[in-house]
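Each of the next two complexes has subunit A plus one other chain: subunit B in the first, subunit C in the second.
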Partner chain A sequence: MTVEKLKEAVRKILPEVDVVIGYRQGFDPLHATPFFMTKPEQVDQLIWNPLCVQNLCSYLPFLKGKVGVIVKGCDSRAIVQYMQEKLIARENVKVIGVPCLRVISVKKVMAAINQQSVQEVTFEGENILVKTPEGQKTIPLADVAPRKCATCQLATPLQYDLLAGDAIQSNRPQDTFEETKEFEKLPLKERRAYWEKEFDRCIRCYACRNVCPMCICQDKCIAESRDPHWTSQRANVTEKSMFHMIHGLHLAGRCISCEECERVCPMDIPVAKIKKKISMDLKELFNYEAGMNPDDTPPLYTFKIEEATIKEHEL
Partner chain B sequence: MSYVAGKELRIVGFLCNWCSYGGADTAGVGRFKQPTDLRIIRVPCSGRVNPLFVVKALLNGADGVLVSGCHPRDCHYSDGNFYARRRLEMLKRLLPFLGIDERRFHYTWVSASEGARWKNVVTDFTKAIHELGPFHQKEEKTE
Partner chain C sequence: MAETGFLPKEKLPALLDALSKKFQVFAPVLEGDVVLFKRFASGVELCLTRPANLPPKGIIFPQSETLFNVNFKKDPEDLKKTSVELKENLDFAPTIIFGSRPCDAQGFRIYDRVYLETDIADPYYKGRREKTTIVTLTCNTPSPGCFCTSVGRGPAESDGSDLMMTELDKGYFFEPITEKGKEILKEGGFEDGSAYKEQAQKAHEKVSALVKKPFATLEGTPEKLLSLFDNNQFWEGETAKCISCGACTYLCPTCYCFNITDEQVGNTGERIRSWDACMFSHFTLEASSHNPRQNKHQRLKNRVGHKFSYYPKKYKGVIACCGCGRCIRYCPVSVDISEIVAHAQGA
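And now, the complex of A and B:
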């Protein structure tokens, strides 16, 4: 069992570090929540299952001292990106890697069980069994997995000091940005109307920013600053769009496509779509993917004197 | 003089202090006839232009945005425009995704001696924006 191996790994690392971040059960059986372990007796509460969706690396730039953290393949890109940007000292972080092939989207499960309250959740092979007052429902994991899992390339983390389990390979197809390309085929007017409709729902709760592993200046975010005054408190679509553009453009070349922003959005705004588009362009222009190699430089932090891929625009 | 008499549009131009602003000055000194829709904002370098400046201008009432700097290799700060080129190219590709016509944003390089070229850039860009028409409808500007 992976969870036993994880507990063993955490117990092994705990004396060397101040805290180990993992998961435990949240307010109901369908929710996992981040768990900060400082004492060995806490380790028994640790859980590991496809409900452990959060990217725990997001805490790292804000924590002092030595920290242990449980990391999935997709989360490990955050560690690599932090190393590139020198936001963490790798020697102060003990990474417990855990092989993972699929997590689940709680929103999709809730939709499948008609938003009933959850009494019990069990996992059997490739299925999730959810018990509600209406009875038990069996749902295949693949049907309720978030979008990112369909194109997962990192079943085993890129960076780890200890691996709980055996290294595995994912056999999923690579992301070809089909959805983004499909959207670009829509007429210009429809695209503008689409974003106006989507952004108009935004309540500016900033959950997408707060959860973002790469939003490291969120304590002095320009979206909330009065000087400079980038956005005002007006509740119109212009200000809302502006906030999403700030988030999107500050992540250009840094977004690790964890899609946490979309997961936490209470209004179901497809905020990751913009970031995906930028990632696609930067891959085309500079053949770069964020969070893959600690020795890379983000493409917008560097330049070439002759840019083979950028042509001058004529009027 | 507006490009179309009585129907001036709002075009914002971010010009680098060392080349393009000088180029615009040269065009003025040379008494070239230019449309007046462009409102110039002088910046130290095209590398100072945050892509968010362009987005903010477009979202808040501009009909077009022009960014102009020194020719690549000619930057006063030696590499500012190289960074600008990457950022602005990314932005140019992003705008149509959001439903903003990419022709509303243009970036180019004009040196201080190129008064005639500056005149052409302004005239052609203003013409292109007038062909596209106003970006914002009157009622959209209010809350």
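And now, the complex of A and C:
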């Protein structure tokens, strides 16, 4: 799909809504930034390429009026989950779907180019070409894609009112949670040491929470409430871990695996691993994946006397 | 003693080892892909190739610190009587921040005006600040998003540092700024640096020219921002993508706001001071439940306004932004404070 097709779609939707959320170039050639378009002339600045990483759906529950939004396949699970939880009025959202096979991880690119300033970025076939003061580097997109792209099942969004381009299929393998299973084989002591080291870096900026499409409490988060005073303001690893466990558990059966939490962490803590473990458990316990079908009820939002996939103790 | 020093690269670990015997030394090290200031110990490999993800501000202004401990004591003779014992700890260890960047060190100058140069100095900040020597490494290349030369600073600016060091081909050129800095140069291993001064200056000029210039001047900007204070449309437009997290604030070498919390279990407890961020809704939440900054555009407006208008208005025109670029580089949605200022100038 070309950016021209996307611009055409946005121009078509714009008169029907108050704002369309898309992407424009950010502060350097490696960063895209969310772009709120209200006037037709702004559409010229719209971009579409693998740098367009942010899940723009996260803004929807906080916006009033009619909103148009550019949505990738993975992001579209947020729309479905919002519909399940009645967090958006679907008729007020115009979803512009974009077929997508792969985005890039800015962090992985930065690691590949020695954290240099980026002067120019171009895409050629399956490669990203990055120019820095040290020279130009050609990196295969697959090497710098976020983890989620390796098991992408949704090259075309689940929900859209208008699809910019043709629907495509992903031929990637399904996520079998191998990494999580391998990690679980480690002795408890080692896993604990791993997380203590990782969480120790947390500065409690709550970027992971605020970017999360399903973290809708935000200003009323129990991580910060004083009454009741669940977590203290001490900067120790116990308090930091506590917050991340709360974040993870509140997403059980709701996390749509967009991995935005991990993408935004300024301290590079692999927080999506926790959510992945919980998603794996939900799959095993309830044979459930969040954000796939608007008519589903998240398993922890409901109660069954007998769960088909959970073997109870013999009574 | 020579006025400046030169230290061959291979002698740097020995210098840090020697300093570690007298000071607690914090230096940037690599943890995964993240550069952090950590307590230096013999054998630790430093990462001096780029600024730390988190500036060293926490070494003087900790993310969370105990102001004092509280102990409630019941009178065994009369259980209705309780006395309170308060214990504060103002004993701080001599410290060196090694390998700070010029922007990081200038951050402390922003704090000094608020915490030291007032009628009542903050004893915790003062205690740590006075005991800390800051050794700053000049930048040899700009980092993504940084713009120090546009806010009246530069990649070799010495304000706030005690000792400046510049990386040259075979070693580091050292130039003391304060008496504390001169003390460090008395350590063994330094050669006379005078032969390298010119080379270092040339390196500084070369980098300065490469730094991004998002705006030509800040003259009139504090007044312009004030005049835009009630222009909600402007601020809503500029901040629409902000997710109102605290990454920009906590990574900022000049953000100094804090929160106070009493943590008590049973009869003992402590009063804690921890970083706070004007990006959070509860930052301005009042006891009445009224919140004067209920919307995120009001909050980000405050962040921009504080740095580029209110602080300079209060402190003789000093801009409370060192242009380190961290808030831009690490923002989840690439909000660019320099772009907002440029837009405000043109609004």
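As a convention for this text, the second predicted complex is superposed on the first by the 306 of 315 C-alpha atoms of A that agree within 3 Å, B and C clash if a C-alpha of one lies under 4 Å from a C-alpha of the other, contacts with A are read in each partner's own complex, and residues count from 1 in each chain.
Basically, contacts are C-beta pairs under 8 Å (C-beta built on N, C-alpha and C of every residue); 3 or more make two chains touch, one makes a residue touch a chain.
Keep in mind that what you see is a predicted model, and the values were worked out from it rather than measured.
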item: Overlay on subunit A: subunit C relative to subunit B, clash or fit; value: fit
item: Which superposed partner A:Met245 touches (first subunit B, second subunit C, both, neither); value: first
item: Geometry of the superposed three-chain model: angle at subunit A (Cα centres of subunit B and subunit C, steps of 10 degrees); value: 90
item: First (subunit B), second (subunit C), both or neither touched by A:Pro133; value: second
item: Partner chain in contact with A:Arg234 - subunit B first, subunit C second, else both or neither; value: both
item: Touching partner for A:Lys283 - first (subunit B), second (subunit C), both, neither; value: neither
item: First, second, both or neither for A:Lys107, with subunit B first and subunit C second; value: second
item: Contacts of A:Cys205 with subunit B and subunit C, given as first, second, both or neither; value: second
item: Contacts of A:Arg191 with subunit B and subunit C, given as first, second, both or neither; value: first
item: Subunit B and subunit C, minimum CA distance [Å, superposed model]; value: 10
item: Intersection of the subunit A residues that touch subunit B with those that touch subunit C; value: 234-236
item: Residue numbers on subunit B that touch subunit A, as the complex places them; value: 51-52, 55-56, 59-60, 72-73, 79, 82-83, 85-87, 89-94, 96-101, 106-109, 121, 124-125, 128, 143
item: Residues of subunit C defined as touching subunit A within the complex; value: 31-34, 36, 49-50, 53-54, 62-64, 141-145, 237, 240-241, 243-247, 249-251, 259, 261, 263, 272, 274-275, 277, 280-282, 328, 330, 332-336, 338-339
item: Subunit A residues within the subunit C interface of the complex; value: 19, 26-28, 30-36, 54, 58-59, 107, 110-111, 114-118, 133, 201, 203-207, 209-211, 218-219, 224, 226, 232-236, 260, 263-264, 266-268
item: Residues of subunit A touching subunit B in the complex; value: 180, 183-184, 188-196, 230, 234-236, 238, 241-242, 245-246, 248-249, 252-253, 274, 277-278, 281-282, 285-286, 299-300, 303-305, 307, 310, 312-313, 315
